[in-house]
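Two complexes follow with chain A in common, the first pairing it with chain B and the second with chain C.
On to the complex of A and B.
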């Protein structure tokens, strides 16, 4: 589905990613893990078109999408949940969700997707006229995931969805990702929570200093001595 | 007497609010304090004057001309200047200030510094609670009020309006959900220029069309934005009307010599006690 081939990227002339290659097949959950500053967010931003890559290619469903403007990437079927629960704080929950369906032309389709998101996150339905900025952290995380789903994307990328949430809510977030996976959404998950993300993923990639250093079956990665030492604290 | 001043204050304040509304939307979305609006105001003022005197258009049509001229100039400035320098706020600011002087001085070059007197388009007045209010002043008030409602509905209810709000709250996420920021910028600048142009056309028949006519409205609407707070439509309305009232009441009860100084006294007071503005969000 997604094929990232040797991309390099960075900010203002400072290179952060070095020949990063990864792929995601239809129906998978793939985890991209690594320490703070390893280049995980940069990878997602480059795929999403928020950053221009310096080299390499990105194809989605055999279409070249590298260099495509961010606002057009979503029309290809790729949605991004950015890091940090970035809701539109002065818009209502419902308006936030409507913005997620900005590229959906037909009104009936928007309504249908809204019902789908409400069925996944019933709390959003109850609170749809509340301002998003007044939500708690966990609720905002649900909202930004719901917003990304409003275009009914076949492929969803999430950037640190569990960061800064209290432990009970972290569990809920990972549960909802499993549900999405069952609904047929292919997922690329970026996480610092290495254990939890490898537990729900089929495959994983380990990013260190902007390079992929390990990849493979997530159970094998969990059992890998280096991974244990560096990320699981065992 | 008091009532007369209140009415005058509200009317002049409503034109500040109009310019400030455009400025505020532009400022909160693009981070550009668009000083060029002061120059656009001047050009649009002349456009309305020539529409009435040369083309012999009826006044309301001249307002539409000024609206369009203002919108078009702002659109072009964004499209061909600010957009090139996106991410370099200082250069954009310099461009904005330069354009303000350039447009105002272009008016001197083309049409001399001599004031042009706008022919009255509507004669007569009504008496409200013992004060006399000319119809021309009432028109200013009603058109400004109508535009405020229209802009509010546009921003709150339409799809592109919601996209504008989304972009002002988080530009990057707006892009991620598929909003084209270039389109948002074009719409916002056209709207801002159109509001300045309309304000100029409305106020021209009450005073005169002159190359310096944009100076005070520009400065005052910048103050209104700061008073009302970024991103707040209600703040702009209340800030603009409040400023108009303070000016006209202050001119009578304190001294007319300080009329324009009150603006900045109020600004300093508000910044001291409410650094975010009265209704500010950021």
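On to the complex of A and C.
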């Protein structure tokens, strides 16, 4: 579904990514893990078109998307949940969700997707007229995921959905990702929480200093001695 | 942040529709009847207040709703005024052609400036617009052959009569400006409440996030900037044909600054705040004509006081009174 081939990228002349290649097949959850500053967010931003790549190619559903502006990438059917639970604080929950359906042109479809998101996250329905900025961290994360789903994307990229959440809520967030996967959404998950993300993913990539150093079946990665030592603290 | 959130929540949860309708109706009746009892001087002041109200309201579209701080609204107003005056004086077009054309010229002009300019972020764009505004003033001042420079442009004709209404009288011109002013406000009102308005707010709140959702943020930023500018241009045209005399000093950076301050005092991002703020400030400035040197000092101090007490301006104060205790 998504094929990233040897991309390099960076900010203002400083190169962060070096020949990063990865692919995501239809129906998979793929985890991209690594330490702080490894280049995980940069990878996602480059795929989403928020950052120009310096080299390499990105194809989505066998269509080249590298160098496309972000709004055009999104309209191809890729949804991005950016880092840091970013909601529009002065908009209501419902307005936030409707913003997510921006690329959906038909009114009935928006309503249908809204019902779908409400059925996945009933709490959002209860509090739809509340301002998003008054939500707690966990609730905002639900809202952000719900918003990304409003375009009913075939492919969802999440950047650190568990960052800064209390441990009990982290579990809920990962549970909700499993539900999405069952609904048929393909997911590329970027996480610092290596154990949890590899547990729900089928495959994983380990990013270190802007390079992919390990990849493969997530069960095998979890059992890998280096991964254990470096990321799981065993 | 938390306080503002609570306030916004209150403002959103209490529509108070009937009261608002009554307020608007009273204001409309006063504006409609004003020429019947007021002196010429008051009518002039009212016209200025209406023009500034629309300027501040259209300014709010960019800075209040979309986010980028700009300091060149007065320049767009000036371009519109001179474009319209020159189209009628030198090219011989009737007002009814020059008026829309000057709006379109300013709209396109702002798009040309805004497209590269809005790629700059935050302060950089604000500084750019400041100098752009000054640059336009210098062009108007120094293109003596075209604009008659510091001698001013005289002999601008009033709008030609249409539907049997003659616009050479003060009262008729007043109603003309009232009509187009209201039209502009109604247009802005529906624009900010439309889907496009929501997109603009999403850019203001978090541009990168808005982009990540799939909004073509650079397009909408330029659209908001140019639309606001176009409306300012139309107001400039009305100004030119109402006062029938143009001078570059009307379009210095002070004018742009005034619009910014009116919008700030009224409350950015509320549309009616800047409109009301503009009306009040124009009146205060006129009332203080007896001490022209001091009035800016006095109301600069008033501005600081308002902003320290209530960053959301007059609309924030109104919201606080309505919402009862904090």
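The rule we apply is simple: the second predicted complex is superposed on the first by the 234 of 234 C-alpha atoms of A that agree within 3 Å, B and C clash if a C-alpha of one lies under 4 Å from a C-alpha of the other, contacts with A are read in each partner's own complex, and residues count from 1 in each chain.
Keep in mind that, in the parts below, a contact is a pair of C-beta atoms (placed from the backbone, for glycine too) under 8 Å apart; a residue touches a chain by one contact, two chains touch by 3 or more.
Predicted model only: the values in this text are computed from it and were never measured.
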Under the superposition described at the top, does placing chain B and chain C together on chain A give a clash or a fit?
clash
Going by the contact rule set out at the top, does A:70 touch chain B (first), chain C (second), both, or neither?
both
Output check: A:208 vs chain B and chain C. Expected answer is one of first, second, both, neither. What do you get?
neither
In the overlaid three-chain picture, which partner chain does A:88 touch, first (chain B) or second (chain C), both, or neither?
both
Who does A:134 touch here: chain B (first), chain C (second), both, or neither?
second
Looking at A:5, would you say it contacts chain B, chain C, both, or neither? Reply first, second, both or neither.
neither
With the touch criterion stated at the top, can you tell me which chain A residues are shared between the chain B interface and the chain C interface?
48, 50, 69-71, 74-75, 80, 82, 86, 88-91, 95, 98-100, 102-103, 147, 151
Contact footprint of chain B on chain A as seen in their complex:
48-50, 69-72, 74-75, 79-80, 82, 86, 88-91, 95, 98-100, 102-103, 147-148, 151
Sort out for me which residues of chain B touch chain A in the complex.
159, 162-163, 165-166, 169-170, 172-181, 231, 281
Which residues of chain C touch chain A in their complex?
1, 4-5, 8-9, 12, 198-199, 201-202, 205-206, 208-217
Chain A to chain C touching residues, read off their complex:
48, 50, 69-71, 74-75, 80, 82, 86, 88-92, 95, 98-100, 102-103, 130-131, 133-134, 147, 151
